[in-house]
């Protein structure tokens, strides 16, 4: 679906990280956790391509007057890394954006009886909040949020408000445990003795470690990938990621924008 | 001079015509009537080139508090015709622009004893207001403002406030005389019996007619030209206009951005 | 009165001159949500090869000022899967589908032309000659007039369907290439394919693309494409398809003035999946507003 | 510690690798208000011919997406007026001035090289071979290896000063051209000159430029320039000057990684007259921040 969205708010939630709320059409309510949008940052040709962002949350503004039509909205959580995100962060309420979405295949909510362990690195939390919101309806949920410093630990209060138990770790020890958040994850897995599902989004190194853990312990694990995208609809074939059996001789590429961005970690090829 | 300017106001003064006031450094006060600025509309590469605009007015905001430093400013009067001017019109107070100027060679104020006849077509009035402001200090000044419809007749009140007698003409008769403003000019020249100086800025057809009149009646006449400009500082050689003696065999090009944009009309080559 | 937007592209009747470009519109179905396929003139499939191809490692895409580079590596399902899985979709679409294809040898090109010739759902063939000739040490077919002519002749002998030859812009003289392809039997020429470009990641001191270089497309390349279309249109008799950086109806009409009978919209479909349909609609509106009764009267109507 | 920014360009010592490109920086003096000429590596004059040239009719300039086309027509004061009016300014500037020049025949090129060789204020010569050869029916010197070699040999014989040959990108294989020029005696190669492009005014149904086509420059062309510099740097031994769409220090450093010893800033000086000085400053800051002691260690340091 392509639509023109009006910005309702755009605020810096931590140095370099922004949260934007914007209007959406009614049909957007069907967006599932893990899906994403492609945002046209400017009507001019610079930047030329749309930028992909996870859907942080969806909701509806209750009508102020009885009888008025409610206003659906969605939110993005984004980090300013380059030209496009810098331009996004300069936008204000009432500015409009051209949006394509919801796109892609999101998370599989899995069986309700297992504890759900959500692992997010930095802005990798973006698609995990909507996921947590769904998961808590059926299962116990724990969040493992990691970052380099405390500035990279985002929106923990929001997760806590959902009833999610949160662990944090930073590499410099400025918030939570000092080190990698995967250590807390390992401890929890020890406790659960393998009855859990992992959901992860974050830097590739973190996903790699989480996937290796899941593999070693035979735990189902879904990861949300990033990939350089031009179209977001399966046409350009730019965004692909190597599947499990991929090699130069037996190539096996998966389309991140349509088959993903969420994959079972054992479908994919990881570094050893 | 290159400087960062902050927009103080930006308002539509007639459908499609905007007037923008923006801060300037102290040295900008030395700008002379007929000079221009090159505006970088966007920090991105679209639009890539700066856009040239006349200097409509310069001034100083008196300090609100005694002892505070006064704020010099300048104004542009511009018409929305394409991408760059459309983007300009979307800017707000406190937005900033990168400005190069004042550039070029402006009007020669000439001898004080002759009546000064200013002829402007549409947004061609832009560089003529500052000129009128200077001329009225020394000479009687009349303005002949023409346009297609009344929407194209701009800022007459401002000229009248200077004590300039104003004639207007529109092609559709919606304001002032019906027809071309050059007719009123001719009548005035008849009255003055050749003791006058003409200053003109506007569409090429109008300048051509004014130059022919000046030539026929041997009246000094200065015109402000437009030309496609890349640099504004005499380096690209894109903006040139043919000089009087120009022909394919004896080429003679004048640099509009440095030798102009104002030329004595008899220095230039005109259509017959 | 509604302007006549139809054009005859070497025997393929297009309801309007707006096509989509190979590699930017999948096999058609990917865009069914965004484009009413029956509102555009024709669409061109992703380039097909005899065997399926996996393409290059990633990153395959990078944005550049006003454009993009791609090094997809011609990933495609291969001719067999195309017939089995993609052709059925074409059956129900009342818009000409053009099959784009490429080979590593002249024989592969000819074999593909033969296979595609048998598919009734394929209205025409577009041969991509911007591929290295494995038998001649990697020289690109499309940069040598002799090589190009041999590909075109072989395909010509293998198909009765309209044969469009897609020219590479990475040449000293595109007119020489155009004439060679016309003489060898091309019914139409499409241009331009991507220019070869490169992007570097300063921080990592590496090329951005895993493939090092990639194909350059998007609005940035329009001036080059327009120049080449104009040059070729003056030099050949067959109809030309203008391609390169077309983002809106103005761009498309400029190509038609320069001599193109039809245009292809490429990168624009990534930015705006409905681009082709929108451009066709805006072109019609422009004709109406400017009192042009028939788009054909604009073909090559540039006054120089 | 301040990084070492100096490079040796075929015997011309540059305090840093940032030069300005011919035709975009006048004769130096036009930019004296905006650039401290002694903060950049070198500057290159507008292309000189034997006789003054008036250039093309207007419009000569048009903006395109991310770039611009120019058809100035090589307007310049001619070698005599250069010596009389422009050289005195060079005398007081402690920065190498490179004279760019072109001819219509091999003899004209050689004659200009001889005249320029006698001017002590000229540190080096840059020969622009992107001009039509009037004796060979207009074929552009820079698109034919034989023609290019004959120009370069003739200039080589006429000057002892460092001879830079500026390559045209409008060729099938820039490496062939580069090798031909190196073999014919070039001390350095600069690339790229402008690509040939065209823009159309739909409303008037005419080309925008009076000259119909023009030279395409600016950020849009950077991917092509970067690719060509990288290809040529692998193939020749002489130092290379990278040119094409350089707008900032990152762009400049990318060209150096690709193999350029120095860079030229062109169109950027129009948008920001202080661009060259600013880029040199930002490059130095980047080296400092990234712990690079010597810019020379980055030349060709791309990891592929």
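Chains: A, B, C and D, in written order; residue numbering restarts at 1 for each.
What we mean here is this: a residue touches a chain if its C-beta (ideal position, glycine included) is under 8 Å from a C-beta of that chain, and two chains touch if they have at least 3 such contacts.
Remember, predicted model here, so these are calculated numbers, not experimental data.
The chains in contact with subunit A and with subunit C alike are B, D. The greater number of contacting C-beta pairs, out of the two interfaces A-D and B-D, is seen for B-D. For the pair subunit B and subunit C, the distance between mean C-alpha positions equals 47 Å.
Separating the centre of subunit B from that of subunit D, both taken as means of CA atoms, is a distance of 36 Å.
One finds 54 Å separating the Cα centroids of subunit A and subunit B. Listed for subunit B are residues 45-47, each touching two or more other chains. The multi-chain contact residues of subunit C, meaning those touching 2 or more other chains, are 65-67, 218-219. With chains as nodes and touching pairs as edges, the resulting graph is complete, every pair of chains being joined. Remark: subunit B residues 1-2, 40, 45-50, 98, 100, 227-231, 233-242, 251-253 touch subunit D in the complex.
Residues of subunit C touching subunit D in their complex: 64-67, 69, 143, 170-173, 195-200, 202, 204-207, 212-213, 216, 218-224, 226-227, 230, 245, 250, 253-254, 257-258, 301-304. Taken together, the subunit A residues at the contact with subunit B in this complex read 42, 44-47, 83, 87. Contact residues on subunit C toward subunit B in their complex (touch as defined above): 65-66. Contacts from subunit A toward subunit D in the complex involve residues 45-46.
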